[in-house]
Amino acid sequence: MSSRTEEKFRVGVAGYGYWGPNLARNISAREDCIVSGICDLDPARLAIAATVFPEAVITESFSTLLEIPDLDAVVISTPVASHFELAKAALVAGKDVLVEKPLARSSDEARTLIRLAEKKSLILAVDHTFLFTGAVAKIKQILDEGELGNILYFDSVRVNLGLFQPDTNVIWDLAPHDLSIINSLVGLTPTLVSAVGTCHAESGFVDVAYVHMKYESGLAAHLHLNWLSPVKLRRMLISGSRKMIVYDDMEPSEKVKVYDSGVSVKKIVDADSVHKRLVDYRIGDMTAPKLDTSEALFVEINDFIRALTERKPPKVDGLAGLDVVRVLEAADESLSCNGKWVPVF
Amino acid sequence: MSSRTEEKFRVGVAGYGYWGPNLARNISAREDCIVSGICDLDPARLAIAATVFPEAVITESFSTLLEIPDLDAVVISTPVASHFELAKAALVAGKDVLVEKPLARSSDEARTLIRLAEKKSLILAVDHTFLFTGAVAKIKQILDEGELGNILYFDSVRVNLGLFQPDTNVIWDLAPHDLSIINSLVGLTPTLVSAVGTCHAESGFVDVAYVHMKYESGLAAHLHLNWLSPVKLRRMLISGSRKMIVYDDMEPSEKVKVYDSGVSVKKIVDADSVHKRLVDYRIGDMTAPKLDTSEALFVEINDFIRALTERKPPKVDGLAGLDVVRVLEAADESLSCNGKWVPVF
Amino acid sequence: MSSRTEEKFRVGVAGYGYWGPNLARNISAREDCIVSGICDLDPARLAIAATVFPEAVITESFSTLLEIPDLDAVVISTPVASHFELAKAALVAGKDVLVEKPLARSSDEARTLIRLAEKKSLILAVDHTFLFTGAVAKIKQILDEGELGNILYFDSVRVNLGLFQPDTNVIWDLAPHDLSIINSLVGLTPTLVSAVGTCHAESGFVDVAYVHMKYESGLAAHLHLNWLSPVKLRRMLISGSRKMIVYDDMEPSEKVKVYDSGVSVKKIVDADSVHKRLVDYRIGDMTAPKLDTSEALFVEINDFIRALTERKPPKVDGLAGLDVVRVLEAADESLSCNGKWVPVF
Amino acid sequence: MSSRTEEKFRVGVAGYGYWGPNLARNISAREDCIVSGICDLDPARLAIAATVFPEAVITESFSTLLEIPDLDAVVISTPVASHFELAKAALVAGKDVLVEKPLARSSDEARTLIRLAEKKSLILAVDHTFLFTGAVAKIKQILDEGELGNILYFDSVRVNLGLFQPDTNVIWDLAPHDLSIINSLVGLTPTLVSAVGTCHAESGFVDVAYVHMKYESGLAAHLHLNWLSPVKLRRMLISGSRKMIVYDDMEPSEKVKVYDSGVSVKKIVDADSVHKRLVDYRIGDMTAPKLDTSEALFVEINDFIRALTERKPPKVDGLAGLDVVRVLEAADESLSCNGKWVPVF
């Protein structure tokens, strides 16, 4: 091993299915990082990994990955059910960890990981990739500057055909994106959740779901999550008292549109006329701000490496991951109670 | 009055606000019909009516309208709160009636109107205009031919900014369109309804609402109704086991798209691989069938006149109107109970 | 005739086919105007006219129209071939005139009409409706304020299937819209025109055409005009040195988009690297300004009546009409010479 | 070198700028291929190449690349000006060659390469990538089956902002895509070309251009090529006597739409009515066929390797490359003669 290599961050990748290769590619794109090892249970995936990373340790065993000499960190992109065990083992072995969303199967698991990382002064980051997109960064800037006035509601549609997950329902698969975005934008987590869903494909898992959320501020949010839609839609409406936003992730270039439109109340006491409107609305210009087009995952990896270097929290830490899992947990309970409002603990 | 005029159907129009002029225009477009009178409470509207229909009786009084000699029928496009009283008076006066949606404020009112019309052998039609569009007619044909297989769900988004109604919430304003369409397409009414909503504009009425519906067949339907959206959306997803439909009423020409896409279950018992999918999906051609572009309201007026001539039920009769009101009523009860599932009586 | 009616502008409508009813409707929508007479060669169209305007003189004879007592003005929406004769007769009879585009079949005809109107101090307006749309008004404002920098080119696509005209080619049918818009926006007429076209439908008239235009300022414009396109497109690109505009008339609400994008030259002398770019470009925000949504034809009729009242020129006068005809004439000559550049006289 | 590696096709990549990495990636994705060497004049690009292909020869010298032992083939993705010299040297050295479009700067150069490859029985393939897309393959199938009837015209718009090439005008940069597609679809090359263009960015190269083409069959084609458009458009209209196609490469999934629409002539001799139409049109269903979504470049590399293995011509051979260059050459001559029709030799 050359001295130049010894100075690099040595990262292991657990899980080389759909997302793992993207993580590995972005890690190796940094001059100061090296993908030291890759593990996966599927030999076919490992064969591909070996071609792309001929110098990395390629193994079916996560333990072997952890034993790579001088390994600094592990990124975990395995099925959700294994997140907890793998992340825990990595932390126990003294490695910094980046875990794909959602952080764990339960808030108990998530809390255990957070405590373990704290105790060992290790970095625990969660891969909420959308928070690193130019689109969400721009929306956050607009909201932080108060341009929208009071935020009235979020409405998100995240639907497509297929890409069924084998071990989870559509809420656990798709909602982490919306939850992490909304949590980040408003700096709050919902206090009450209601979820209804149906299971059409006989996989045993809910594949069409609707989630309502209430916040202490009076804010409401609604998610439509669906694996059975003929078309792929990724659209969030954010309505404010002064302006409104449409964030359409399927648009090739104008993903964020800010509408200088709003609603105001006119109190007209005019009992004679049934045609009088009590409410007035205003429609103005629309602006699609220029967005940073950097690859979100690369920005995220940069933040992870910064956290490793500075020994300071990553932008999306274990608590952010926990906040998402808490809502997923409440949604599952509500699902099984036919949409009952469930408090988020 | 010339003999030629005496042979025409003589129709009175009650309410000359937003929709009344369209009704009047389509009635007068038939050679065998004449708009004999128009009433409205607003003198400004009456002045306009007088310009367009210089030979019609123009009055603020509905009684005066009913007293027009030889009046055959009345079309009512006034605010919802007055539908019942006006329709009842017209039926009592022996006139055939077409009432704008929704038929009445309550199912009791609707049932009273239906019984009255039956007793007097009068036509009672309800203005569910969308059922007369080329788009809905084509979708119904496709569903009736079984092309979609089992229907899995309906998901409808009907949102825009403004057009607040002064005397009703967003559900009563917008949902009648969806309910009449879905009822007509599946030949069923829902048995359980859950609705949640919020009131942002301080008008006292819910302006953003979500309605879930369950049917005995296992079918689920979901509506997003919203007066506070920065963009106007009118889109319904209809998912079937064999094909799927997207009905987008904002598209200028290709409003109905039929996707030869579906989902099938593969039962794979392969405990070793966590990556195995249990569900498979299929994506095929998309077809946008040619649609009849006749103006829906003209087709509807033709059907109403046919009913008058043949003394047979109109395509959308009082029962169809009642079926919509029953769901609206249940939705209102659910709204006030925080989304509780309410049976549709 | 009541005194109230006598104070109104009395307008005759010649031609009640596709466009005439729109003119008549907008004239009668003004309180100070009355449609006094309507003529058309087609008895079926006259029958419809009689229903809508029961008090107007309905005739097949243009002479009869002109003889209506106290007639103030005539609007002409007949086929192009008859514009000259009818407009001339109306001016000779002392009537103010509004002529549908294009003003006449030749620049000689157009010049004769202009001279006649001048001599008799009559208003001669040309119906270039697009100049009265909120979209074109907004674009003109943006250009007049210099926001785009130097205008580099116009590129317009105006295509659809069908609506073949019986007595003219696709250039005379569709290009007047583009020519009137561009002339108005830049305050210039082209000096050289080249046009190529093909005739596929065996109607004897060119149905797909491309027109290039050069201006003294160095500006270039290009039109794609087509009756044989499977889709309807109405899109104009306007490129400036500082900003760029896309004007898409098929968009329901955001018809005008202003891109804060541009191109700048970097003079890099670096013979070693073949990859060096000499030109740099900049992509910024996009803004879709709010547009006035008034019906263009109503705005235009208002301007026509203003001209009649003040005895001052209308916004679009005979010279503006002539400027369009001059280009059409040159395009026809170029068409017959296989695309030769023809000067515009 | 292991025996396993010796059995692989050994390919050298010349040019590792924008397109070269894609070629290299797709070559290495085949199990039977290895990227044996990469050359580029830019050391920064070579450094990146070294990271991705640690086992390859990395060099600034094309000669060094050709000297790699047992090298089978070379793919060339350098600026156009160097295509001829590099391809010639590779063929002289006995290597099979794939050259990025356009094949060469002149038809003389292209013919020299074709003759040299023939003489030495080597494969000369040209990288017209679009011919390997699912979209173009589907369109070709539809045309070959005669579904469109007689093809009336092609109209292509290929515009965007920026990506200026340093050593060529916009026609040489963008038109090869359209020319290769149209040539392939109709099995003909144009006989006459007319091109006009303007140079706004002071780079010395035409950056907005329009190209007309005529074919012996009477077919016409028109291209709009533009580096100065605020929006990226990639749309081709193909009009047939029976059906029409819109191929929009910017659409995420429905890139090809087949319209069952057409035009027919009605010969009506009716001198009395100026409103009679001589032409009728028909609008029917639209179908967006499912497309193969394989990466076009991978399909192309597979065809190249097949050609190498079977020693049979590739799908896109030197003659196909020449046919494109011949039109580009004629377009350049026309450009310099103000749009004169120039024969294609």
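The first chain written gets the first letter, and so on, giving A, B, C and D; residue counts start at 1 in each chain.
In the analysis below, a contact is a pair of C-beta atoms (placed from the backbone, for glycine too) under 8 Å apart; a residue touches a chain by one contact, two chains touch by 3 or more.
Everything numeric in this text was worked out from a predicted model, so none of it was measured.
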{"item": "Candidate from B-C, B-D or A-B with the same interface as C-D, over half of contact pairs in common", "value": "A-B"}
{"item": "A-C compared against A-B, more contacting pairs", "value": "A-B"}
{"item": "Rounded Å distance, chain A centre to chain B centre (Cα mean)", "value": "39"}
{"item": "Approximate Å spacing (C-alpha centroids) for the pair chain A, chain C", "value": "52"}
{"item": "For chain A, residues that touch 2 or more chains besides their own", "value": "283"}
{"item": "Residue ranges of chain C touching chain B (in the complex, touch as defined)", "value": "28, 51, 54-55, 232, 250, 252-253"}
{"item": "Complex contact set, residues of chain A against chain C", "value": "254, 260, 283-290"}
{"item": "Interfacial residue positions of chain B with respect to chain A in the complex", "value": "17, 41-42, 78-79, 81-82, 152-153, 155, 157, 159, 161-162, 164, 166-167, 194, 196, 198, 200-204, 208, 210, 212, 220, 222, 224, 226, 228-231, 237, 239, 241, 244-246, 257, 259, 261, 263, 265, 272-281, 283, 338-339, 341"}
